[in-house]
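Take a look at this one; I'll ask things after.
Each chain gets a letter, A, B, C and D, in the order it is written, and its residues are counted from 1.
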Amino acid sequence: MSPQTDIKRIGILTGGGDCPGLNAVIRAVVKTGLLDYGIEAYGFLDGFDGLIYNRRRKLGYDDVSNILTAGGTILGTSNRANPFAYLEPGSGGEAQARDLSGRCVENFKELQLDALFCLGGDGTLTLAHKLGLRGIPVIGVPKTIDNDVVGTDVTFGFDSAVQIVAGALDRLHTTAMSHHRAMVLETMGRYSGWLALVGGMGGGGDVILIPEIPYRIERVCEVVEGRNERGKRFSIVVVAEGVCLPEGDPVVRRRVKESHDQIRLGGIGVWIAHEIEERTGIESRAVVLGHVQRGGTPTAYDRVLATRLGRAAMVEAAGGARDVMVGVQGADIRTVPLAEVAGKQRRVPTDCEMVQTARSVGTSFGDERR
Amino acid sequence: MSPQTDIKRIGILTGGGDCPGLNAVIRAVVKTGLLDYGIEAYGFLDGFDGLIYNRRRKLGYDDVSNILTAGGTILGTSNRANPFAYLEPGSGGEAQARDLSGRCVENFKELQLDALFCLGGDGTLTLAHKLGLRGIPVIGVPKTIDNDVVGTDVTFGFDSAVQIVAGALDRLHTTAMSHHRAMVLETMGRYSGWLALVGGMGGGGDVILIPEIPYRIERVCEVVEGRNERGKRFSIVVVAEGVCLPEGDPVVRRRVKESHDQIRLGGIGVWIAHEIEERTGIESRAVVLGHVQRGGTPTAYDRVLATRLGRAAMVEAAGGARDVMVGVQGADIRTVPLAEVAGKQRRVPTDCEMVQTARSVGTSFGDERR
Amino acid sequence: MSPQTDIKRIGILTGGGDCPGLNAVIRAVVKTGLLDYGIEAYGFLDGFDGLIYNRRRKLGYDDVSNILTAGGTILGTSNRANPFAYLEPGSGGEAQARDLSGRCVENFKELQLDALFCLGGDGTLTLAHKLGLRGIPVIGVPKTIDNDVVGTDVTFGFDSAVQIVAGALDRLHTTAMSHHRAMVLETMGRYSGWLALVGGMGGGGDVILIPEIPYRIERVCEVVEGRNERGKRFSIVVVAEGVCLPEGDPVVRRRVKESHDQIRLGGIGVWIAHEIEERTGIESRAVVLGHVQRGGTPTAYDRVLATRLGRAAMVEAAGGARDVMVGVQGADIRTVPLAEVAGKQRRVPTDCEMVQTARSVGTSFGDERR
Amino acid sequence: MSPQTDIKRIGILTGGGDCPGLNAVIRAVVKTGLLDYGIEAYGFLDGFDGLIYNRRRKLGYDDVSNILTAGGTILGTSNRANPFAYLEPGSGGEAQARDLSGRCVENFKELQLDALFCLGGDGTLTLAHKLGLRGIPVIGVPKTIDNDVVGTDVTFGFDSAVQIVAGALDRLHTTAMSHHRAMVLETMGRYSGWLALVGGMGGGGDVILIPEIPYRIERVCEVVEGRNERGKRFSIVVVAEGVCLPEGDPVVRRRVKESHDQIRLGGIGVWIAHEIEERTGIESRAVVLGHVQRGGTPTAYDRVLATRLGRAAMVEAAGGARDVMVGVQGADIRTVPLAEVAGKQRRVPTDCEMVQTARSVGTSFGDERR
């Protein structure tokens, strides 16, 4: 047993999108609580939904044995549930959003909990912070395959997603080479380009397009053509889903209109592939990886990182911390106030060492002028 | 050295789409030729294009060392090149198709080749057969991840694609379970459902839709809802890209019109996911795996199968066979006349043991009536 | 519901070594029973131990959901339990073996079971047959990563093990090449060389040693040296654990004595590596893969094969078959009397097409004379 | 082109054991040199051997294309070559070691090189530093799957090895559970326990034994038995190869003598498994992963890390740095004087956060007293 603590029972929930490593965090929180402090744990089901409707299960040692390697979350999650503006599941957009945060506070108190662990991305952490302001002692654990949470160098789940992206690029490489094609892979990343950047570097992308760096489609085509002329008759283009159509280009704008549905439905990757083929005559194909990036067993890296974060979160809670998030700073686990995290996004600095490194090994970001 | 042969030099080409195991076949053909018979090999580049334009390379022992595990084809391929109706690459659809099969015969003779190994799917094998009728002694090796070549129980590349499909389903399972969603995975398979069927069985699909079995979207939704009611709050739907929209349903036909672009661009999988969500209210997502299914290193199964087929093809050629394809029958490698293969497709028998097995473990094909 | 059956309740057990796909068989047996025939299933725990001591669990639909991809067996297994000559677990070798087969029959009857499904290798199937002679209607499902059960072309688990062996060889290749070493990989396979043969072919082994083909260590060294002289400064040797030391070689026999412990403990692979290094001066290393070959999630191929076998076994039982094993013959699932299977092993025919194919692509079996 | 540099040509060599990511470093060094500075690169073959005997190859852009994902090193390596005390390959231990460092300096000058990039572990980096003292401007890039180089938080290759260890543990888990066994996995790590620690945490090891933390075999057995009593009828023990036999225990010391060969040949893992079985009666098996941990394609993490280090090394060299090593500090790439690195090893701090985390989730290090 570690040093004493006033805490006796805690709750835990997972919010937002699926992410490899969630179960590893749950396991670490529960095991550390039980083994080091004798703290009991309850899991709320389906994110904030469980807190609102008091749907929960007791989490004992055996409940969290054997889940380290399992993808997904044993607690279920919900993308939508916002206790402060709650829309009934299945209700249309016209429905009135209700503030059910009071119920959360009531249920939390009724269960005589001493802390609430919220595992989630920016959205979940922001809601956690707001519940913190309502008096619930919350501890946040950042979670997103997008790696865009402020206050931490890296989030668990990111390495797994990077590995999946790089593995897909490995496969597409052989097809691109055999067919002398441009292959475009669209990755997740609505607001930040971390996954496209690091996955693209890991998979040897020739062009990487991320939301943070404005690109010109002409430059992308130039790179593909240039490779062709140098005898590299294939190209790999990685593009984050959050990358926009180029603006201010009248030719393109017209095209946008023509292919509006395509872009909305197929994603930017489909559009990029279409443009490359039309402008260069080089056969092009797009693959949109989609939810495959979110699921499945975490990499060893993410299992260990998630375990460290889960344990650190429990140690912090036991030590009396509240309204903080645990995160990675360099080689260490640190805490940061949720107030500094809520509502923000960590984007790729356009001149960071990662981007410079990618450029040095010949990767184009579609923005070079020669 | 094996028994004597009159054959001294052979050519080899790979046509049609990329497929794991092509290099393993090339390696086996060349090594068997050299080691067992002292036969020289030339590889034509980019499928029939190489034969037409006499672009080739000598293939010695070292050229085929270390390629067993490599995806793609070291010879390049071409989807389009038809020697009998050749369209210049990059030319528009209006261009006149030319018969360049004479050039193929000339180049083949000029190089003093004794046999031509054609590795490809239905299209390539049909063209090989036609070249055979023009006097070139051709040996076909069936290749397709779709597994739909007549005259062989299985084609190399299929097992690798099945493994990729099942692996993607494993990942989607965790997401589906955590989010209580229906996840729809669209696989390749334009004319036959083998990949969706076997990959879907390997990944535990709850619904599998294949071109050979007409489905009703109502039944698909019924299955998803039924699972939900029994507490299985997620469903996995696997659909081959060749599956069509249901016909004869006026409600659906209207919907088809509305979402025409969606279907064309996003594929049938996107449509199915859309329908499930709209009809059942259960959140649904689609993933279109695309070219990821074609590339990358073959499974051990495919490496071995490709090696066996490549070696058998050379043994047959050395023994004087021509205008045949090597294939798998049960545990054995056999030959079958190309004439029996050309222009046909092996589809899933709707009442075969595989389909029955899938039904027995609870998989729906969207056609059950209760 | 399928055609009627007199069968109402069945038992199922898994015996012998762990094998990927066991859970997939259990799932298929139980689901087919419930869905197609309304048959109830009970699982005996830890192989025949469970039958002897009546330790069992009811297996409902939910018990076998979500186990398709899981390695191991949810029922547990036992290597040792022989109902006809039972040694208490933990008892020394001197303990008296007892015949507890009567208890098996009693428990079977008491539970009012109509059939007993025995999943196992040669040992388990032989015991099943003996229980069959005692009146229990048994159905066998062959299981072994060694692929050496008579009456079936292939066993589930084999493909998974082959994939693991080939994957390990892929890794060893890069090490061997970088270090100019001979790398020896020892695979499982005490009596038959299937795993070393097919895994070795899948991983591009330069030498494959199997129990069925007597080798000379001099020839092995000759191959390694020959490669070195041709500029291939590395070699991959795959050896089945059941391969013996060469006999009749006085030099070797002396060496055997010196290194007795090494061979017993390190395995034949360690001895082969030692000999290569000592005789050729080329640095050599051995890896003994061990139990890693048995565990983990099955390949898609094995999941599907196991599902087919499990369903077929239930169909046969429902149809009144007894004392048979289900197996693969070519592309089909067939039954074969257990009497024909019991006590036999399927070994690699030394001149089979597989072996010939390996030779044709340059693999040595250590037995060539030049 | 980046800022100017006086450097025109550089040499690069890889020393010590194989490690995933070496080729990614070579690629990054060469590409950055060419693209950013117009610097030419030469690769020395087989580590310091190539420098001593002037065996080298020009490394152009195309030579390093397509090697990002390849395991091993395209330059070859040598474990033994020490320019300051050189033993001819193949010579016995009695041979006289010669100082050939002068040759290295001569060859370096003759080729008019401006910097020498040495990729290796502690041994290689120490030799690089000594060559630096002899006047060669050296830049070190740390490389080891053991992660024990001083001056960097992490080395490339480590993540790949961790992933392999965790993957093997995943497989062993199912076998251990099915058979109710203790499975012992011996990992690499002669002097430090990083790989066993992090791999063991990633694979959910119940006991982790590392050289830095003295253990008692009695405690290991206690843990295994304790789990058994709590109904967890299996245990996973991870042990680094550098872990010693317990000392000061007369019972053990006697046993040591008896099983001397076993330990030397089979490794500490075999001994641990033997002890567990003998002392607890619980069936135990050992697996020694061996060189499988070193080879094969790097994880995406290692590919990216290796690329960053390779590029940073070239930037440092171009900026005039010499006698330094590039390393990771937190999220950044930094340089550290080789003098601070040479001859040292970074061991696991016995009370570091990683070890504490492992303890918190229930892992034993064999040293607890209760």
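Here is the rule we use: a residue touches a chain if its C-beta (ideal position, glycine included) is under 8 Å from a C-beta of that chain, and two chains touch if they have at least 3 such contacts.
The structure displayed is predicted, hence computed values, not measured ones.
K.L.:
Shared touching chains for chain A and chain B?
P.N.:
Per touch definition, common to chain A and chain B: zero chains.
K.L.:
Give the chains in contact with both chain C and chain D, ordered by label.
P.N.:
In this structure, no chain contacts chain D and also chain C.
K.L.:
Could you tell me which chain lies farthest from chain D when each chain's centre is the average position of its Cα atoms?
P.N.:
B
K.L.:
When the centre of a chain is set as the mean of its C-alpha atoms, what distance in Å lies between chain A and chain C?
P.N.:
Each chain reduced to its C-alpha mean, chain A and chain C end up 42 Å apart.
K.L.:
How many angstrom lie between the centres of chain B and chain C, each centre taken as the mean Cα position?
P.N.:
Using C-alpha averages as centres, the distance is 31 Å.
K.L.:
Which residues of chain C are in contact with two or more other chains?
P.N.:
167, 170
K.L.:
So in the complex, which bits of chain B are touching chain C?
P.N.:
Chain B reaches chain C through residues 27-28, 31-32, 35-36, 65-66, 68-69, 153, 159, 162-163, 165-167, 170, 198-199, 201-204, 232, 297, 299-301, 303-304, 307-308, 311-312, 314-315, 329-333, 353-354, 356-357, 360-362.
K.L.:
Spell out the part of chain B that touches chain A in their complex, as residue ranges.
P.N.:
Spelled out, the residues of chain B in touch with chain A are 14, 17-18, 22, 46, 70-73, 76-79, 90, 164, 167-168, 170-175, 177-180, 183, 261-262, 265-266, 270, 281, 285-292, 294-296.
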